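Here it is: the structure, laid out below.
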Amino acid sequence: MTFRLSSDAMRLAIPALSLTLLLAAVFWLQPRAMSYVGLNLLFNLAVPIALATIAQMLVMAVNDLDLSMGTFVSFIACVTATFLRDAPVTGVLILAGAIVTYAALGIVIHLRNLPSIVVTLGMSFVWGGLAVLLLPSPGGQAPDWVRWLMTVRPPLAPMAIVASIVIAAVAHLVIMRSSLGVLIRGIGGNQRSVERAGWSIVRARATAYGLAGFFAVLAGIALVGLTTAADANIALRYTLLSIAGVILGGGEFIGGRVSPIGAVIGALTLTLAGSFLSFLRISPDWQIGAQGAILIIVLALRLMLNRLEKREKRR
Amino acid sequence: ETSAKKIALSNNYAGNSWRQAMLTSWGKVTGEAVKTGVVAAADAFTTAENQATEQAAQIQNMILQGYDAIVLNAASPTALNGAVKEACDAGITVVSFDGIVTEPCAWRIAVDFKEMGRSQVEYLSKKLPDGGNLLEIRGLAGVFVDDEISAGIHEGVKQFPQFKIVGSVHGDWAQDVAQKAVAGILPSLPDIVGVVTQGGDGYGAAQAIAATDRKMPIIVMGNREDELKWWKQQKDAKGYETMSVSIAPGVSTLAFWVAQQILDGKEVKKDLVVPFLRIDQDNLETNLANTQAGGVANVEYTQEDAVKVIESAK
Amino acid sequence: MILLLRPFSKPWIWSWLAAFIVWFLTIMVTLGASTLGLSQAALTFAAFSVIVGIGQMFVITLGPGNIDLSVPATMTLAGTVALKLMNVENGMILPGFLVVILIGLVVGLCNYALIKALRIPPIIATLSISFIVQSAAIWTNRGLRIKPPSMLAEFTTSNTLGAPNVAIVAFLISILAWFLLEKTIYGRWISAIGQSMPAARMAGIPVDGTRFVTYLFCAVLASVAGFLLACFSGGAALNMGSEYLLMSIAVVVIGGTAVAGGDSNVPGIWGASLFMFLVVSMLNTYGLGAGIRLIMTGLIIISVIMLAGGRRPGMR
Amino acid sequence: MNDVLKAVIAVDGAKISFGAVRALDGVTLHVMPGECVGLVGHNGAGKSTIVSVINGGLTPHEGSVASDGERLERYGINVARARGVRCVFQELSLCPNLSIVENARIMHRDLGGFGWRKRAAQIIGKSLDTVFPGHGIDSTRTVGDLSIAERQMVEIAMAFSDAGVPPRLVILDEPTSSLDASLARQMLDHVRRFVGAGGSVIFISHILHEILETSDRIVVMKDGRVVAERPAHDFDHHGVVEAMGTVAKDETGQRSAREQSTAPLVLSHQAAGLSFMARKGEIIGLAGLAGHGQTELLLALHASQAGNWLPERDPLVTFVAGDRRLNGVFELWSILRNFSIASLGDLSRRGLILPGKEATKGADWKRRIEIRTPDMDNRILSLSGGNQQKVLFARALATRAPIVLMDDPMRGVDIGTKQEVYAIIREEAAHGRTFIWYSTEMDEVSLCDRVYVFREGRIAAELAGDAVNETNIIAASFEGVAA
């Protein structure tokens, strides 16, 4: 073979294949899913997860980890369902403030050389507290334009698919193709040499965090658009889901090795895995355990494909 | 005639004894109903984590699977509205209970949680006419039920101003969390005469207080077997008096029958109310005897019960 | 002066300082009347976080990405199964305890088997296992709360010479952990692996064996903590471990262990565990609402790490 | 004084200390246009530190930096780059997760704007073609997938590349440490071309003949000071070594051919090509062009002997890493702990470490191999690159393992130390230890009893006794390629 897969392409091929296999299994179990409406139902809740995964990926690209993703998205959801609807100007200001706070976190973490895990763990309490203050009991309502955006029915493909493609494309352009993306990933790969080339690491890290904040804000808004209302605990699981999504998509914890398209695929895979389970009709006792099993199976699949790929490469 | 209809239970959490009792009741009653051919299927689905987003996905999957009705204990009264609306649009009957949803197209079998909170203070006012200091144990912050019960309790305190809440902690409806929270605040509290609770936390509070040399205040219980057993011991030993109140896990079976009745074409009001299950000093023993060791005091409903509830709402 | 300042270079001092300040602020509300009660309560509840925290610390020391998310589920399963097996009989305590250890070993084995066989990041592997373990806990007795044998209930809830028994147990475990880390070859090995796995391999360290033992150790400690907690609170509940997921990680990192691995410290875990309990007590005592309370907790954590942080490059 | 006016960069009286260590103790260094300055000195002499000063990464605590006769008060990385100062660092400093093109983007700050990928590819491609004709490196490849030699080539090409600001002074800090002879030759030729065209180069290397034949002027550093500075033709090999303060015994070629074919077999391995075997007391060389499978064989030998699950009481092999950042040092640890990690079994009782024994053994080896540090409890990263390498050496030699695997371990080790290590190796071999030694330096390969020559991942030839010489090895390395 003269054609050589770049390591980026490899990083992508595996998650894409596992998603395809899983999708085939779901269609086999539930042929009804193979329709415009069916695909939308399968995937629309993956849209906010995909956005949160991209956000997490940006933080992971600079060798950090964000443990506050879930509470942050919950907080944004609360803001969206209250201020953004009732007082759009204030709402937008709060969202902008949240993004600035994220960027500031990046700065503090860099300047004081703090472990991002601890800082974001602390922030997860702060965002959670703010969300509880904002919505002590669930409620609020999605702004109409958000609701419209998330329920619009484009021709050809359902909203969920279109949105996923758009998110993947935009994130790919920003992170993989632009100079800014190269800089951010460069910090993950070898911060020292980026610094020696004369770049300001603080500024770059702040930008990475700010961008992550931006994508997380979009995740919160999209989530409210789907659920129509918010509560303070609405997205707590996004922390783990987003990390799992990045990993499933071929990203790594350190070294700036990430793949935005993979991350979106990872988020879709995770969502689909849940549906696959409910189509299997397992006894309630073991339904939770089956979630673990399916994760394991998907990852085993990844490993198998990885091996195949390696063998291919060696030839 | 509903023998061809399929009903699904969408449950958001399975991590405590109340939910487990609820699932057991569902399994028992619907299993019978499926066997006798009342309905074709009644499958239970549980999400791994107590998360609205996951449950929304679960409901969307149920739509795909072609269920005729979805019985729902919701993680959030509002955050599932999108998914519930989609189910209604697909022609599916949605009946929510315990954790109800606000989406108008769904039915609600509600418990008056506010009254549940208020009645605790009312009870205390009868036992302790002079009033005194109260400790409030709340549930999980940001959850609808917690907010409702707490609002009821505060309403009660307003109504009986001889009481004053001097401390408030979150026990997350778990004995060990409650125990920890109470143990932490207790040293700094003045004397307290009563503990108002939300269920699932009374025994933990009792343990925490027993570990100090304080006099045992009146702790309102939440129908858990260990709470009742502790109460019984205290009652036998020194005539301890209190009451216990909670929603019966078997309400899931009521929701099942209501869904069945709606599928059968019955006219049913969107908002139904079930009474909460209250245990008092005199019926403690009978209730304790009827409660499974380590479980929750329970009532299961039959089709006739459901019909009665529906009739009385008209 | 230099002697006075020297302790401030130790990473664990900050968590102790924070715990002390919060403790002081809390007892000041009652002008000191609550000193004994609060201290005992703090020691008692910190003990559980210390036990799970130590296990988590060993795992985190193994390097970036190593973390055990199956801790809560393991605690639940161990508590549930052991209490069911003992069935309130004092004579069954020993078998009960053996089962607890066995559960820890099996969970640890599964965790490492997955990490190794599937080559997946531990965070994902242990998460998957935790779902399965949680299911197993539900399946064993569907969340019924069975009381602990009277001797165990008595032991876990009483004091010896004013110190809570559970705290004494935690203290003994801490001594063991400290000894392992500081004095033995094993301690050197995990620290080496945490700094660089390839380098550890080339230095002849049995990397897989060491990591495997570490995951076992963490799971066994979680299991023991679950068992003690179930006995202490009068029965196992299905959600009793959930608090300890974030808690076990928080006490490790606030305690000054390097999140990037290779550097751990035991005293910090105690400081951090006391702090995590006391901060909630303090905010409860001052009567702050849940929202404010959460925000304050978060800000305090960040301030502690800001004061303590920036010690050494490459901490991230 | 005219000097300072013309100098591309003139450092005057620079002093820098790291804690108690005086890395630079008043160094004055002027680099003129169109000259190549060779910088030599023992490990830890301060060479890399003066590089950091010129490159703007470190601000001297005392002293000044001037350029083109203008004293620069606020000198920093960006000022240096704007004046055309480029640097190839001692440790590899590309981002392994990025492609070569993307690394070029990082290195050249003002390459941005639409279509930068195309421009970057052109720039780096052109530079690679000039420095290493026939390199065969595709610039869209990810750096992490390249061999260590290829990475070094890219880095060198990157420093000579021109994206707007042309390079005027290129600093090469041990650039050839991972290159084999032919690639090193190409690079040195380019340096001469570059200097001939008016550029300036600071060239640091421990391989003295490279310095002697490439530089116009040689600066010798010792303990943070410049101790000698003369035109290159005034120096010879011996003179440089003497100036460095090392008592040189010219030992190259002193190998006495030993006949080992009767010694017992201790290790054999079926690799691709000829089969590999090692006998007790042998020094076996792995030669050939860099990156042709030598390291892989060492890793395979190690993996097949070292237990991953159970601790071994008497391990058969021990390993000296060449890529010390990746699989050598433990960065958080002290020098002592880094040294003792492989021999803890002998320094302990029932799994308990005996601190006294550990310290004694550490002090012993510190003396034996001259690790330049005031205290073995200092952190390993406080050592210069070469001294870190010595620690790794001591780590392996201090074990009882009968076979020592060495992955080009002399990278960055100064010539005095090398001679000592060679002596130790010979002595240990005489006592029955087996050494399997991958080296990119011909001098070292010639020290071996027997040599396996690698080509394209296979063992292509085996040379023994007097057949071990440069001509035969080069012939075997290129056999078939030329044909």
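The chains carry the letters A, B, C and D, assigned in the order they are written, with residues numbered from 1 in each.
Rule of thumb we're sticking to: a residue touches a chain if its C-beta (ideal position, glycine included) is under 8 Å from a C-beta of that chain, and two chains touch if they have at least 3 such contacts.
Since this is a predicted model, take the numbers as computed values, not measurements.
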Pair sharing more residue contacts (C-beta pairs) when A-C is set against B-C: A-C
Centroid comparison with subunit C (C-alpha atoms), farthest chain: D
Intercentroid distance (Cα basis), subunit C paired with subunit A, Å: 29
Whole-Å gap separating subunit B and subunit C, where each centre is the average of the chain's CA atoms: 32
Whole-Å gap separating subunit A and subunit D, where each centre is the average of the chain's CA atoms: 42
Length of the line joining the C-alpha centres of subunit B and subunit D, rounded to whole Å: 71
Where subunit A touches two or more other chains at once, by residue number: 128, 131-132, 136, 287-288, 291
Subunit B, residues touching no fewer than two other chains: 14, 23, 48, 141-142
Residues of subunit C whose C-beta touches two or more other chains: 131, 134, 138, 142, 258, 290-291, 294, 312
Pairs of chains satisfying the touch condition: A-B, A-C, A-D, B-C, C-D
Partner subunit D, residues of subunit A touching it in the complex: 6-8, 177, 179, 182-183, 185-186, 188-190, 192-199, 255-257
Residue numbers on subunit C that touch subunit D, as the complex places them: 183-186, 188, 191-192, 195-196, 198-209, 212, 258, 262-263, 312, 314
Complex contact set, residues of subunit A against subunit C: 63-64, 108-109, 112-119, 121-133, 136, 240, 243-244, 247, 253-254, 285-293, 295-296, 299-300, 302-303
Complex contacts: residues of subunit D adjacent to subunit C: 302, 306-312, 315, 317-319, 321, 326-333, 337, 341-342, 344-345, 348, 351-353, 395, 399, 401
Residue ranges of subunit D touching subunit A (in the complex, touch as defined): 55, 57, 77-78, 81, 87, 89, 93-99, 102-103, 105-109, 111-112, 116-117, 140-142, 144-145
